[in-house]
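In this document, chain identifiers A, B and C correspond to the written order of the chains, with residue numbering beginning at 1 in each.
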């Protein structure tokens, strides 16, 4: 079996469960985003896969080879760190070269490989700079180059864009996506930014409190969430959770609410926010507060009521949060 | 209107620091006659280099003590760093509770008035045949310097982002390669601070050198100075040992001028972060 | 290979040497203090029960030296903290040639104690030293500074303060530099004067550094040896003898290892008690402020 296989992976530290029974499969060329709030176990998972922390249980298989207990240095796993972790005392070339050198690669071959990756990531002209003399985006590219240079069998990225400003992030996202797809290795991309996950990943795995909540395509997760956590974590503005009735709770995406003047749920307008192309309404109803998003110039009917299509309804168990099917 | 008193105070502080040393310099350049002349009138006459000649051509010549001190200093510094760098790294890997305990013990040891230790150390030296072995002094000196050295280096290590070492591990660098290629270059400033402090300590150490070394040609600078002083306590020609004082101070003056930044950061980091 | 054992192995050589240098002597003294080991026994240790400890308790010279050491340490420490603070405040400003200034201030601390002890002996020399020259020049008579207990003590303290104030000052300077400038600016905006700022802001934030300097210097001052041995030899008439010197004399001059070890342990207990006292005082002070 090629690609990455993770079975019942767990990590406990000092009596605390950081990750429990994680099962995952990532195919070569696939980008999987690990998404979740901070402390959910995303980074823990990456560090276990990289071999930086010992596992407490479970198995990691890479291209059919079990690497669960293998030291980090021989796993052929590359990682881009959130802080980039560039060696401050070395130049760009020095940073790229160190790993190849300790592996005993001949100098000529090293130069060739480095030249190729420098061209790929458009780092020409920066070869002799030190990390402190690079911009944030350049540092990120050097970190990426260092990881790609390894020709890894698995690529791990720990929030590689979180230190960049929003504009640069948007510009780099397609570029990064092409690079990861083209590598022919599975890639796992940790982020807490759902825009990034939705835009970059083939599939998304949502983690919460050390447990995997759901894995699937961005579309599936958004429209067919497995539980209330996934439903409310994805999507902005957040999904509307109506007051529970008879042990079940209805959830509705803000853009799935329509304004009508009759045959709907009567609401009262609290506040209105203009977002350019769209507007956002804060509403109050007998079933709790609601948020509605619609076109910016859509007129408000009088009296104001809201309605939704039955197939947009997402029902959850009120107590467990599991989806009612 | 606030600056003049401030500058005046600063000048006073400088005078307070340097005047005693200046007097040694002047004394060392005066003839014995000028030093004991009833009135300090003859400022223009009575200057000489004879005191330096006397000290440098003595038996053993004074430079011998400087050489001894430099040798012991270099050996102690080398030994201390060789032990302290791995130890700081090892300490950093321990559980937090153990780290805290060991740090506290090291801090206590660093403060310890080590004059208390000389008797038992002397016994050990006799047992091992280390008396009158110049370089053997490096062993107790390293032992005495290690607590501060380890604290200092560990503080510097803790300041480095942990991902740097993670990245190096992922790239297949083993422990030794990580230390040599990644951590040591980044610790260089802290290592320099530590080295200079250890060197100063062993250059200046007195009670252990006093009890371990008795042969005149093996004395380190502080013991030699004390012996010179002891042999002529109330004799008048102070010029000679003012010259010795100056010669003994010159290497330190150079060190302090060159490395004041490292000394200060070492003194403050080690103590404050530990 | 990256097992839990490896870091421990890296740590071990250093810890062993530290234990050998610090811990072994204390254990050895514990045993030696229960032995007669002097010229009388041919320096062969013979158990003598608690005789050394009984002798210590009744030894007037030990207690006199303990009192002298305490007085010396207390007065020097107070002066060093005060002057060190003043010096640190003085240096904590934008100054030209800061590096050179720091080097100049640091120099006394870096010189070997014995070297400067000899220097002081010349400065205080009767009648040819510079100080007496000055007095004579002003029409006075030369004074034997190192032959009367009071002045000898005074100049011993002075020499110690001269040498170690730079250490305290630099430590406190680091503390001052760790205080964010905005805090002081905020107080200025509230209309606080320089003294109020010092008292209300600087000193409380400097407290941990003051404590650290005090603990370091207290332990070192209680162990004072080099300075006294070379500057005064403990005289005149043992009036400046410190416990460190007394322990040294017992071991190296009177060749009584058993008793020397006992004196050292007595001194160790004293250092421990005083350090604990400082920590307790600080604790109480901090408790009251909360």
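The rule is short, and it goes like this: a contact is a pair of C-beta atoms (placed from the backbone, for glycine too) under 8 Å apart; a residue touches a chain by one contact, two chains touch by 3 or more.
These numbers come from a predicted model, not from an experiment.
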Have a look at B-C versus A-B and report the one with more C-beta pairs in contact. B-C
Closest chain to global C-alpha mean, per-chain Cα centroids: B
Going by the average position of its CA atoms, which chain sits the greatest distance from chain C? A
How many Å are there between the centre of chain A and the centre of chain C, using C-alpha atoms for each centre? 59
Rounded to the nearest Å, the gap between Cα centres of chain A and chain B is 55
When the C-alpha atoms of chain B and chain C are each averaged to a single point, how far apart are the two points in Å? 17
Which positions in chain C touch two or more other chains at once? 1-2
Where chain B touches two or more other chains simultaneously, the residues are 174
What residues in chain A touch two or more of the other chains? 71
In their shared complex, chain B is touched by residues of chain C numbered 1-2, 6-15, 17-18, 20-22, 24-25, 28-29, 32, 86-87, 90, 93, 95, 99-108, 110-123, 125, 128, 130, 133, 137, 162, 166-167, 170-171, 173-175, 209, 212, 215-216, 219-220, 222-223, 225-226, 229-230, 244, 247-248, 251-252, 257, 260-261, 264, 267-268, 271, 275
Footprint of chain B on chain A - complex, ascending: 47, 50-52, 71-75, 77-79, 81-83, 85, 87-89, 98-99, 102-103, 146, 150
Within the complex, chain C is touched by chain B residues 6, 9-10, 13-14, 16-18, 20-21, 23-24, 27, 35-36, 40, 83-84, 86-87, 89-94, 102, 106, 109, 111-124, 139-140, 142-144, 146-147, 150, 174-175, 200, 203-204, 206-207, 211, 221-223, 225-226, 228-230, 233, 236, 238, 241-242, 244-245, 248-249, 252-253, 255-257, 260-261, 263-264, 267-269, 271-272
For the complex, which residues does chain B have touching chain A? 161, 163-164, 166-174, 177, 181-182, 185-186
